[in-house]
Amino acid sequence: MVLDLKIDVREEKNIPIVSINGEIDIYTYPKLTETLNSIIEKGSTEIVINLENVRYIDSTGLGALADGANRVFDQGGHVSIICNKPQVKKIFDVSGLAKRNLSLFPSEREAVDNARKHLKP
Amino acid sequence: MVLDLKIDVREEKNIPIVSINGEIDIYTYPKLTETLNSIIEKGSTEIVINLENVRYIDSTGLGALADGANRVFDQGGHVSIICNKPQVKKIFDVSGLAKRNLSLFPSEREAVDNARKHLKP
Amino acid sequence: MTSKNKCIEISIPSSSEYVGVVRLAISGVASRCNFTVDEIEDLKIAVNEACTNAVVHAYNGKTGTVTVRCYPKHNELAVEVADQGAGFNVKEVLARAGKSTPSGKRPSLGLGLTFIQNLMDSTKIQSAPRKGTTIRFTKKHR
Amino acid sequence: MTSKNKCIEISIPSSSEYVGVVRLAISGVASRCNFTVDEIEDLKIAVNEACTNAVVHAYNGKTGTVTVRCYPKHNELAVEVADQGAGFNVKEVLARAGKSTPSGKRPSLGLGLTFIQNLMDSTKIQSAPRKGTTIRFTKKHR
């Protein structure tokens, strides 16, 4: 529906890809946190998160992403974010979040390639 | 924008085709009335109105359509409406409006063909 | 109606440009109540028609306020649309509702109340001269 | 602030599920004020963050009301988000705003107020202990 959040997880070349559809806010972010936690608990440290179909993300959504990124970073991993919507990018810019352990990519191709480079053999 | 109304008029085989995009309500319907009036004043009596991209129409929007249909009917003409959205169709159904001088069609092809049949040579 | 805590309230100037704002808000409320897409559309129409009536008929060209209150309940959404305008004779109007005036110049079909009654599960109208009108309706979850 | 006539008001229970309803309403108001798509997004974010703060911080788990008032003006939109909750020490908080606590467990970055200040043209916060918080901001048309 208009305010819903849908999350899909699949794997490509051993990299979990989280595709998010909808709006991430104070109401929906727990679903994202849950998803990331279960992926991390399974041992993945390189995670790709596709935000191409995210129409809206707020500070709590960024917080959930940053939390996940911190957790995998502690284990030597990274979170790669796919994001091409100017409005969503702007949020990352204003937050100053797109640094060390969380990188933005314009397409899934590039994000997965980058993640695979970091993947321990 | 989210609540806007855009109206485009073109002609195909002497039939004016009015394409409407957006929401028709108490705020936007005057634009529709204006458009229909100017077409009718130019002498057209068979008018095709495409509502495929209308996300929302209310009783004032229906009123504007019915008014236009009444005016061309007085001159022996018809209004053919293209409408495939169930929600919009429902509005026509509940209103009991889709009768004599105002007919619904599932595609522009069929609406134009029907209008041409009625067109005086 | 119920405790203030479970009420979402929107009030707008009785001006045609803001009726669409109420539609957006109600679609949000209805979607949070897990109504289906079709039910959400029905609610948008009912609320829209009630607000449009208040904008058109309540204040005789002056600007007043139209207030929409939504009460999400276990198995339904209750909505109340209120103005403090002219009021009208409900019995008289309902008797002729749906019957279009064939030669009326204004693009009005007398359809507003018919839509509300057809699309909602229950409707109640209270109106008093110069005190205003409150229309209450409910939509049940299927 | 200005006459009631030019105010669009939305009030919701201080519950996370209704913040999205306010975003929808504000996007309608902003679109009626002829803001650009980008400006509408900025306004959605600012209003969202102010409401989220009221939902998270104002009522200590109890339910209160969050009220959003929009005042469309000639060259700007003024917005006011108010709660009657716990209040906070504005000076102290603004001094540390934007500085993230590196090991905080909760997914909060202290970004809400930073977003509002960055995206709006002016921001004013009033807060008093146990009386509540009102944050006012304006967005100008470009």
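Think of it as A, B, C and D in the order they're written, each chain with its own count starting at 1.
Following the convention adopted for this analysis, a contact is a pair of C-beta atoms (placed from the backbone, for glycine too) under 8 Å apart; a residue touches a chain by one contact, two chains touch by 3 or more.
Predicted, not measured: the structure shown is a model, and the values here were computed from it.
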Contact-graph distance - origin chain A, target chain B: 2
I want to compare two interfaces, A-C and B-C. Which one has more contacting C-beta pairs? B-C
How many angstrom lie between the CA centroids of chain B and chain D, rounded to a whole number? 42
Where the centres are mean C-alpha positions, what is the separation of chain A from chain D, in Å? 26
Among all residues of chain A, those touching at least two other chains are 2-3
When you check chain C against every other chain, which residues touch at least two of them? 17, 20-21, 23-24, 27-28, 32
Which word fits the touch map of the chains here: line, ring, star, complete or other? other
Could you run through all the chain pairs that touch each other? A-C, A-D, B-C, B-D, C-D
Given the complex with chain A, which residues does chain D contribute to the contact? 16-17, 19-21, 23-24, 38, 41, 44-45, 48-49, 52, 55-56, 98, 100, 106-109, 111-112, 114-115, 118-119
Listed in rising order, chain A residues that touch chain D in their complex are 2-3, 23, 25-27, 29, 33, 56, 58-60, 62-64, 66-67, 86-87, 90-91, 94-97
Under the touch definition given earlier, write down the residues of chain C that touch chain A in their complex. 27-28, 31-32, 34, 37, 40
Give every residue of chain C touching chain D within the complex, in rising order. 4-13, 17-18, 20-21, 23-25, 27-29, 32, 63, 65
Name, in rising order, each residue of chain A that touches chain C in their complex. 1-4
